[in-house]
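In the two complexes below, chain A is the common chain; its partner is chain B in one and chain C in the other.
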Partner chain A sequence: MSDTLAPPPTKGLDADGLLAAYTTMRTIRAFEERVHEEFASGDIPGFVHLYAGEEASAAGVCAHLDVRDSIASTHRGHGHCIAKGVDPVAMMAEIYGKLEGSCRGKGGSMHIADLSKGMLGANGIVGGGPPLICGTALAAKLQGTGGIGVAFFGDGASNQGTTLEALNLATVWNLPAVFVAENNGYAETTSSTWSVASDNIADRAAAFGMPGVIVDGFDFFAVYEAAGEAVARAREGGGPTLIEMKFTRYYGHFEGDQQTYRGDEVAQARASLDCLLRFRDQVTSAGQLTAAQLDQVDAEVAALIDEAVAKAKGGTAPTEADLLTDVYISY
Partner chain B sequence: MSDAVVGIVANPLSGRDIRRLVARATVFPTTEKAGMVLRLLAALGAAGVRQALVATDLGGISATVARGLTWRGGTTWPEVAFLDGEPVTQTAADTTAAVRRMVAQGARVVVCLGGDGTARVAAEACGDVPLLPLSTGTNNTYARMTEATVAGLAAALVATGAVPAAAATTRSPLLRVRCGEASASALVDVAVSTTRHRGARAVWDPAGLTELFCTFAEPGAIGLSSIPALVAPCPRTSPDGVAVRLGRPARTVVLAPLAPGLVLPVEVADLRPLRPGRPVTVATRAGVVAVDGERELEFGPDDEVTVVLDPAGPHCIDVGTVLSVAARDGLLSSTPDPQEEPR
Partner chain C sequence: MAREISYREAINEAIASEMERDDSVIVMGEDNAGGEGSPGDMDAWGGVLGVTKGLYGKYPGRVLDTPISESAFIGAAIGAATRGMRPVAELMFIDFMGVCFDQIFNQAAKFRYMFGGKATTPVVIRTMYGAGLRAAAQHSQCLYPIFTHIPGLKVVTPATPYDAKGLLIQAIRDDDPVIFCEHKALYDLTGPVPTESYAIPFGEAEVVRDGDDVTVVALGRMVHMATEAAGQLAQAGIECEVVDLRTTSPLDTDTILESVERTGRLVVVDEATPRCNIATDVSAYVAQHAFGSLRAPIEQVTAPHTPVPFSNALEDLYIPDAQRVVNAVKAVSDWKA
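== the complex of A and B ==
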């Protein structure tokens, strides 16, 4: 890179912003790869659904969000949590079912929530998130907070009545909402090319009077640009948008899934499409960040995940006395 | 029934990008693309084409067409062969592979459904086989908006030899871009921007645009070619293209329709003819090159980027011309036999 040529900024993203985006994606990846390893040892109770491969979606969307905004997630929620600012150490403790967890160990992987961060929760109900977001978006609109709601959901959820009702309601109420369809090709084990009539989830947006856009979900910059426009439109009162991310999840539907329903697309994606590899290549060849800066992030994230796992394993197991705490609320 | 074969490829991803969001551009749903393919097939069958080769995709088009063919409803379908059995990558490589297979299997016309980007990819693969591009994209400058049924008749007339290809096609030029090892081509425009990443691919924001090269620039067009078109029009029939420097010091400010729903002022510093066969080196030192409105190649200060106007592009079918010949020569009309019962 020549000294005389200052690289023009990527719209709205300076070097700090790029580093933050990379840190988010790397944290998600390292978190998920580690949960994959640790789950095999049998210490983690319940099911885990890993987000590895899809990092650019959570990071590229949440980079535009702040404390006013809320997100609803899916059963595959770790990435959304991390991107929205939930503490990975508390998340790991939650997955291990410990009192130090985000939800005092009662939620586990599929129900991590942190309302203080605007993270309404991972959600075991397929298609459960979009109606929740209509609620928070309506609240933001009525209270004039300037906040927006973002619902992440999968290709399976795209066929649920709850999702379609939420899309309709969002337009009818002109809500400040963004619907992010994360189409990783399979609803559990069912191919979306078989189960999604019209095949493109984004096609459905037109029926609800909102823009529908398809984005390469492996490309952080593509996600970032599209999400930026959708978030700005929502904040300015322009109404909801549907964005469909196309990508592949790197692991099975859940840990332990034998994946007999798919071919070698994961190996191909990891080799040539991976969002972290592409981001590294793009920002270093454009002279925006150095490989050393990115390596340092990798090292810091690795240390953080080691710490999270050590603390989770050494955390406090709930006792019988904790069973009914935080379960009921009196109005 | 003739031995004519026609290939049909439809891009499942055209008409879907960020311009739906930033510029309220047309949505081209899968169901409409499949409907267009079925209308093409109906016209091909009616006009005596023996076989249609239809590309397969994972976007739902070929599946919807296959379902549609199960109901005849008075239509004479040609024999339809789906080009399956090869891996689908869901990238432009699928269009390239499908068109090559069509050419290898004897297609006499290739019909492609997509935007200018899809037509460009099909053009590179179809060689001397006439190409009929139908617009299902966003910027419809090269590919024309034509009813698929009428386009199907024109494709059939050329494929059966009823209208000689030489009388019905014109050879379009291509812009060829070289950037180190990488290369790309464009049917309408090559734009250079200081934007750093391919990002959401489409170009809709004039900020950062520095240079623009067009094969032609006709008033009435939408997209980047509208910039020179509204100052110094350059018709499709001209052997020259046009090269534009954008930004300051501005000689002219053009209010240009850059995308559907998007009319913006663009500063033009300089305009000059682009002569065929003479490579021009891009002056911008780092950024991206967009071909037909899509950011394609990223380059840095160490990369030399050149653009050349190549007159030997695809042989493109003009639907209106074909049907004019058909009208003149009575190819689609006949004198009824007075002995026959009235229909």
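== the complex of A and C ==
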């Protein structure tokens, strides 16, 4: 491509910002690939839904957020958790059902949360998060913190009434909210080209009086730019935005899914669209980071994930004493 | 100082006093002020039965009208509660739980446990329930047993203006999610209510009438049916101990057991339909934990296993009344093995 005259694609991020973004995406990827491997070994109980392939969305949106801000997530929530600052070591312990886990082993993969980080939980109910985010955004607005709420949801949830109601309420109340539809092509096995009646999820924004933006979800910088505009607009009192990320997930709906419903889009995406590969090309060719710096991040992340898995495997199983606690604050 | 005010006024007063005391208390619901976006007056309604009337003017910006969009605004109340607010959301009729139940039972109720004790969700969902207003099948149900079934929720069913104020103040101050059930046929009931603020702890039933012959456990509007029946039965020489549960979750099993162990006879009066309701719950508990004290089978006075009918003639048959309580008490009193 003859884009040598184009400005660097890094959207104003300095070297520290770029390294942080890369670290987030690499941590998510390494975390998910390791969970994929470990799940196959049979040590991880229950269901896990992996976010690999979608890293640019969580990283590009959450790069604009801070402790004032809250996010709601989905059953495919590991990436959102990591991007919002939840400790990957505690997350891994949670996935293994251990007392050292983010939720003391009571939530598991689908319910990892850290309220102190503004992470309102992965969510086992498709469409469960958007109404909650109307509330966190309302709280930020009434408290005057300047904070915002971000609801991540999938193409499946885009058809849930809860999501559509939340979009409407967010505009009616002029809430500082951003709705991020992560359209990875499938709700379980069902194609979003079939289940979403409009051409794009973002097209629905117009019906709720807010801007709708379609973004290449594999491109970190495209995500970062679109999210930056939406977040700034929300913080300034300009109301909500709906952003649709278009990409694909690299693994099945859940681990164990044979994916017989899919074409060859994963191989294509991994080869030519992958967010980490593109990011590496973009920042090294722009001369903003060196391959050695990125390699170092890769090594540090690999060590962190090794540590997380070792600690999770060696963690403490909850006991009968934990069964009845924390149902109520007082009862 | 106590003066006579209505159940409706007592609820309004509880909300107002907590809004005065704590800036994080906000109110939201359909027409809770009324008139939003319309050419006429704001605060036009104060909720469909006028319970929140006047709060809009006293607490600007803290009484929020909502679209008819229960999933969104009940969810928003829950989300706001996780971020330092104490929302009091109005689910107009308890029957409307069907369009927002996920946010209540899968979200609010489970956050504390599912997140390992790290979430605090001090939300109150006020909702009106019960038959008697000819409101038919979708606006008259007693669905508190469904909420009572869910770990993580507290469920409150005040029977008097005094209890409505004190229990609602407790609900708003409480750090767990609370479903506050207001019987629509009680809104105009008046009774003595102190002007000052007071909180009634959850899980403490009240013995509203002492007696040694039969224990009558009731809740909500049925407390009044039970009390009326007890008055008639006293004329016939049967002294009933009437226990008002006040909250179904937590349930004050101690007071129930203490009474049944003394009387040996139990009647439970519950306006809900008869399967898996509060009457079956209390009966099972007593059968398991006070079997040796029972001198007669337990009687349950409930609605029939039908939707709530519309016609006056039918609805009057549907709602448990004092005569049915009298009959049940006589049955347990007269029972011979």
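Keep this in mind: the second predicted complex is superposed on the first by the 318 of 331 C-alpha atoms of A that agree within 3 Å, B and C clash if a C-alpha of one lies under 4 Å from a C-alpha of the other, contacts with A are read in each partner's own complex, and residues count from 1 in each chain.
Heads up, the rule we're going with is that a contact is a pair of C-beta atoms (placed from the backbone, for glycine too) under 8 Å apart; a residue touches a chain by one contact, two chains touch by 3 or more.
The structure presented is a predicted model; accordingly, all values stated were derived computationally and were not measured.
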Problem set entry | Partner chain in contact with A:172 - chain B first, chain C second, else both or neither | second
Exercise. In the superposed arrangement, which partner chain does A:328 touch: chain B (first), chain C (second), both, or neither?
Worked result: second
Exercise. After superposition on the shared chain, which partner residues are touched by A:149: those of chain B (first), chain C (second), both, or neither?
Worked result: second
Problem set entry | Contacts of A:211 with chain B and chain C, given as first, second, both or neither | first
For this session: Identify which of chain B and chain C touches the larger number of residues of chain A.
Result: C
Exercise. How about chain A: which of its residues touch chain C in the complex?
Worked result: 70, 72, 101-107, 111, 113-116, 120-121, 123-125, 128, 130-140, 142-143, 149, 161-162, 165-166, 168-169, 172-173, 325-331
Exercise. Mind pulling up the chain C residues that touch chain A in the complex?
Worked result: 26, 61-62, 64, 66-67, 69, 71-85, 87, 102-103, 106-107, 111-120, 151-152, 154, 174-176, 203, 250
Exercise. Can you name the residues of chain B that touch chain A in the complex?
Worked result: 12-13, 16-18, 20-22, 24, 27, 29-31, 58-60, 63, 90, 194-201, 208, 285-287, 298, 300-301
Seminar exercise, completed: Seen from chain A, its contact residues with chain B in the complex are 1-2, 5, 7-8, 10-11, 193, 196-200, 202-203, 205-206, 211-215, 219, 221-222, 224-226, 229-230, 233, 241, 243, 246, 282, 285-288
